[in-house]
Amino acid sequence: MVLDEKDNRNVWEKIGDYFSANSIWMKWYCTGCGAIELPPTMTSRYDMERLGMGPMATPRQADVLLITGYLSTKTLRRVIYSYEQMNSPRFIVAFGSCTINGGIYYDSYATIGRLDKYLPVDLYIAGCMPRPEVVMNGFNELIKMIKKGQAKGWKHYQENYEWYKKNQLDSLGEVIIKDEFHE
Amino acid sequence: MNKEKSIFSPIKAWKYLLRKPITVLKKDIFDKPREASLRYRGFHQNDWEKCLGCGTCSKICPTNAITMIEVSTLEDKEGYKNERPAFDYGRCTFCAICVDICPSDSLAMSREYLHVSKDADTFYFLPDSTGIHGDSFAKGYVRDSDSELLDLTRYEMELEPVGRKTSFMEIVKGYSLERALAESARCVECGICTDACPAKMNIPEYIKSIWEGDMKGAVEYLYKTNPLANVCGRICTHMCEGVCALGHRGEAISIRWLKRFIVDNTPMDEYEEAALSTVTEAVNGKVAIVGSGPSGLSCGYYLRTLGYEVDIYEERALPGGVIRYGGPEYRLPEKSVLKDIGMIEKAGVNFITNTKVGRDISLDELQTKYDAVFLGTGFSLSRPLKIPGYEHKDVGYAIPFLAETRDYLRETSDMPDVHEKAVVIGGGNVAFDVGRTLVRLQQVKYGADFVSMAALEHRDILPCDIEELEEGEEEGIRGHFGYGPAEILIEDGKISGLRVKKVISIFDEDKRFNPKYDETDTFVIEATQVFIATGQMPEYAFFNETMLEEIEIAKGQVKVGKYGQFNKFPWLFAGGDIVQGPDIITGVANGHDAAEGIDIYIRAKNN
Amino acid sequence: MNEVKLFLGPQHPGMHGNYSVHMYVDGDIIKKARPTPGFLHRGFEKLMERRYWMGNLALIPRICVPEPDTNEMVYAMGVEALANIEIPEKAHWIRMLVLEMARVAIHLMSLGSIGGPTGLYTATYWAIAQRDLLLDLFEELCGARIYHMYIVPGGVRKDLPEGFTDKVLAMMDELDEKIPEYEDLILKHPVIHARTKDNILLPAEVVWELGVTGIGMRSAVGKEYDLRKVKPYAYYDKVDFEVPTATYSDALTRLNLKVRELYQSMRIIRQVIDKMPSKGAVNVPVSTGSALRWTVPAGMVYSAVESSRGEYGYFIVSDGKEMPYRIAVRGASYPQGLLGIEKYLKGHRIDDASLWMDSMGVCTPEIDR
Amino acid sequence: MNSMNNTINEIKAALKPLKMETPAFRQIAVVVKPDTVHNALSYLKQKGFTQLSIVTCVDWIKESEFELVYILFSWTEGIHIQLRARIDRDKPVMVTATDIFPGAQYYEREVHEFFGVEFTGNEDAAKPLFLEIWDDLPPLRKDFDPQAYSDSKFPMRERGNEFVSEIGGHDDE
């Protein structure tokens, strides 16, 4: 993903970014094993609310989607579905090795290799799994990026929608979920 | 069962208001992230000084995260590869198995864990000892003896302990199947041994074949680069073992004995099939080889695989050169030599024995009869040591003595003349061969042995292999190391002893051989027979005058170009001791090289 | 009747982990439920056939995220049974220490996660933070908070760090003080009582029908059906502990049993530290050679340990090579997580659906693998 | 251990197994013919092996056979039993065990999904469970190569030899 480094926001956008950076709703979706470090991050030990972040149940009101590790194809379909339900500006933070290059599941038939082929990733966090300190630092970094207008993954997704869709279809076959199939 | 309490009962938790909070402070997260534990498995650190580039980490990695990257700026060092592991944190699971298995102990996990970036490429890096951001975090998880994943101790073979010096029985028994499997399982397939081997043998591959139980495949690997596997499986100088990755923290793999296990334990039909699988029809030309030592045999075999007719000229009655007449029976039994030479003969190499080039047939004649000629004549003469008394009849030389002993054991000649007390001058492997042969012959003849040895070098810098020294001393050789020969004392026409003097230094400031002695510190080693084993030299009587003029000879060795080809005489090739030396495996390598060179030369000439 | 289809998960705050249940509801009552697993399916069983016996160490803790040590233990026990090796005494004690610490950690976590479906978020804040302190101990022991990779075939990976047992004992003393508070805060709280008492029943017939094990089984059957007692592994036959049981299984009973097991685990930890020899080897090699060429004799073996949710088992097949031939994993919550949901979630109210999953102990990664 | 020997003898007498062994501590492996599996399961359930721990399958591709494995456990005696039976790999069919152990339903469905074994009498077994829109061989069969499948479907990052030797820190912008 090539990001345009130039800051071409207008004043209103800058103000908007400033406020949204200080109040981020994280979507409550445990996509993979990195989610196990989210409870400590959210609760009293690390207390992510100090950053103005809190969990949000519905995608429509959430700002940031955490991809906490590997994604099976089955989950990726749902993740794309719920990412597209989110309102712009929306951000993706990818946790751990698996989102970057497949992780230990590099040769698995069920999990994807790299996330940025299917969804625009704003920030990667290293670790398998990342410690709460790293997660907190990642959020802090994201906040900085939003303030500076650098977290523009969602724009990239809009502009390159065809490319993303093609990749999604290539790997998944179908993105539309037919939930009745197994009943 | 718990009774329901009032909704206000948890109110006592307010007491925590005044206690230290459990929450990690913001400054401990953002400004200076909390320090990880002493064993933390964070990002990798790799000490480049120690790293061998063996790639064991990349093989064990369950996530395929480690790639060996060639680093061109590293200098070439024997036993090291100029490759270093790069880690993909898009794969790594921080399991630290790579750390536990690292043969050089260079890898460690640091206590650094923080890396956040929008650029996925920054998650792939080549660590040095400062870690991912160059911040030199303290080491976290390191290997210790509990988490060791290598098998560092050698599975020893049994030696014949008692009665070994009274016979010429082979000392080392060879691996049992069980132990060979255990020993071969230790290998980490790094291939550093291959780089160190003069013949570039496919060592990891044949060890793997043993481990997989594919003996035929193992023999095929052996014959790819070495047709003297039986011989080398017994008396190779095993430079491979000197650089073995496992040798850095433990004991090197017994590569030589595993090779011997292959040749001793492959059924003969499979062995023959594997050894001869690459031999082809002789259609491309005719090549003469002078001397049937290791280089000649090797050259002959590989020429047969390349499709040439080969005649090997040998001065003595039996082909083999040093392997037939040099190495002592207790280390290199006749049957092994026969197996190798037999296989080369089966490959279609023709031996013309009792024919000395330069005496019975001239080199010029060979040139006209053949397309190319290979010289592998070796260092066939003993170098005389001109100290007072050296011309006495009881002063013997290593090479004829060892050859006579082999003939005696083959029952083609009488026992060499041995006295009850003898002294050997020299401290190399050949000197020990002579000394230990003497011990056995004395035991056979007198039922007792008395062999002394004098060498310039001190015990810990002797040029021989350590096994030779240890086994020799076990067999009762009396070593006087650090003493040089002064004169051979003669009384009434008989030798009465060897006077030696203490050595102060062997080399002068220019590192040239120039021993200095303490003339006052001398004593006499009691002996009635003296053997000189201080070196060998070549014989170049077969060169004609123009050749002698054109060919440059330095320190006894001829100067040749690539493939052992003489620059001025493109039809003539050379290898073995007269080119490189001084061991069998180098000879084999030279022979193989020359075979390829000859092939190129003849093909070019024919087209 | 007006049936409506609802999705519980995969993206839902009441759902722990990535899992989905399709519910057909009439008013507030669930009429039909269908579990949909597979969101966390990574193909572990296939991947394990492609890695060395030692390399699998990186995979196995990831099968069940909250409880890595159990997985490591099952795998290690199975490989040791196949290779027919006896591990050193100290390794057994250390393993028990680690397993019981893990049990304390997971019980604390599940105590905390009851906060989600019941709305008592205080529970989450207290219990998870307490668990985090235990994770710090784990980090000191093995170098990571979650994926320990500490119990290995042949023993444990490293000896205990200096002064570790003292820290564990101090933690136990702290827990002695804190757990009664958690009981007040969680178990005796009217909110919890209102939601869990006489709710989500698990009769003994259902236990036998589904094959539910662990706390679910013991709370219904009233017998000490715990693998640590029935078929002791490590040195569980050398320590005194009780297995809490009950004969009436509602969600509250099961919560109660969890807390009572916590006390028993702490009791075991204290005994282990008391009985553990201070010196001695902590592991033996599984096989000769380097870990690249470790082989395990051919055979098939099933090994099982008592996880916090019941019997956790691996069926391991070796063909004598350097990699396993086949490994099948029995996740402890498989029976209740699939068939249980299909058959017995119906009849409950919608708002109890996630509480149902929570109190039955459904752990998705071990079902999906 | 007496009960263990008794159990072994009783099973031997009742089931006439092809092979019996004790692979581990308090564990019995019983190999039977595939057509007797159903009887054996109901016999063992009567004997007190009331818990079905897992139903799984091993692909012996060289022999062209699947080996079905039923792990049973007796809580009263603390003994695990592996009941194993080999069936033809090309036409793998087995009678369902759901009438004896209702809990077998999902295990059988899983075995069907991962190996392609059909279970007669278990209608649900043929439905997909973990996988969605699966388009290849059943993935746990030995002739299925997950690496090849992954390579063909899921692109990986190319990691070359070139190196970003100096990586910027996480907070320098």
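Before moving on, here are some points about what is shown:
When the chains are written out, they are named A, B, C and D in that same order, and each has its own residue count from 1.
Simple rule for what comes next: contacts are C-beta pairs under 8 Å (C-beta built on N, C-alpha and C of every residue); 3 or more make two chains touch, one makes a residue touch a chain.
Note that the coordinates shown come from a computational prediction; the quantities given were computed from them, not determined experimentally.
Interface comparison, B-C against B-D: more C-beta pairs in contact at B-C. Centroid analysis (C-alpha atoms only) places B farthest from chain A. Look at where the CA atoms of chain B average out and do the same for chain C: the two points lie 54 Å apart. Annotation: 50 Å between the Cα-based centres of chain B and chain D.
Our note on geometry: chain A versus chain C, Cα centroid distance of 29 Å, whole angstroms.
A straight line joining the Cα centres of chain C and chain D is 21 Å long.
Among the residues of chain D, those in touch with two or more other chains are 129-132, 139, 144, 146-147, 157, 159, 170.
Residue numbers of chain A whose C-beta contacts span two or more other chains: 44-45, 74, 100-102, 104, 106-111, 114, 128, 131, 137, 141, 182-183. Those residues of chain C in touch with two or more other chains are numbered 38, 41, 43, 46-47, 50, 58-59, 62, 126, 129, 132, 147, 368. For chain C in complex with chain A, the touching residues are 7, 10-13, 15-18, 22, 34, 36, 38-43, 46-47, 50, 58-59, 62, 65-66, 109, 112-113, 124-126, 128-129, 131-132, 135, 145-147, 365, 368.
By the touch rule above, chain B contacts chain D in their complex via residues 67, 69-70, 86, 88, 90, 114-117, 120-122, 124-126, 132-134.
Residue ranges on chain D touching chain A, taken from their complex, read 127-133, 135-136, 139, 144, 146-147, 149-150, 153-157, 159, 170-171, 173. Across the complex, chain B meets chain C through its residues 1-7, 9-10, 12-13, 22, 36-41, 56, 59-63, 93-97, 100-101, 109, 140-141, 144, 146-147, 149-151, 155, 181-182, 184-189, 211. Residue ranges of chain D in contact with chain C, taken from their complex: 23-27, 29, 50-54, 56-59, 69, 71, 73, 75, 78-80, 82, 84, 101-103, 105-107, 114, 129-132, 139-140, 144, 146-147.
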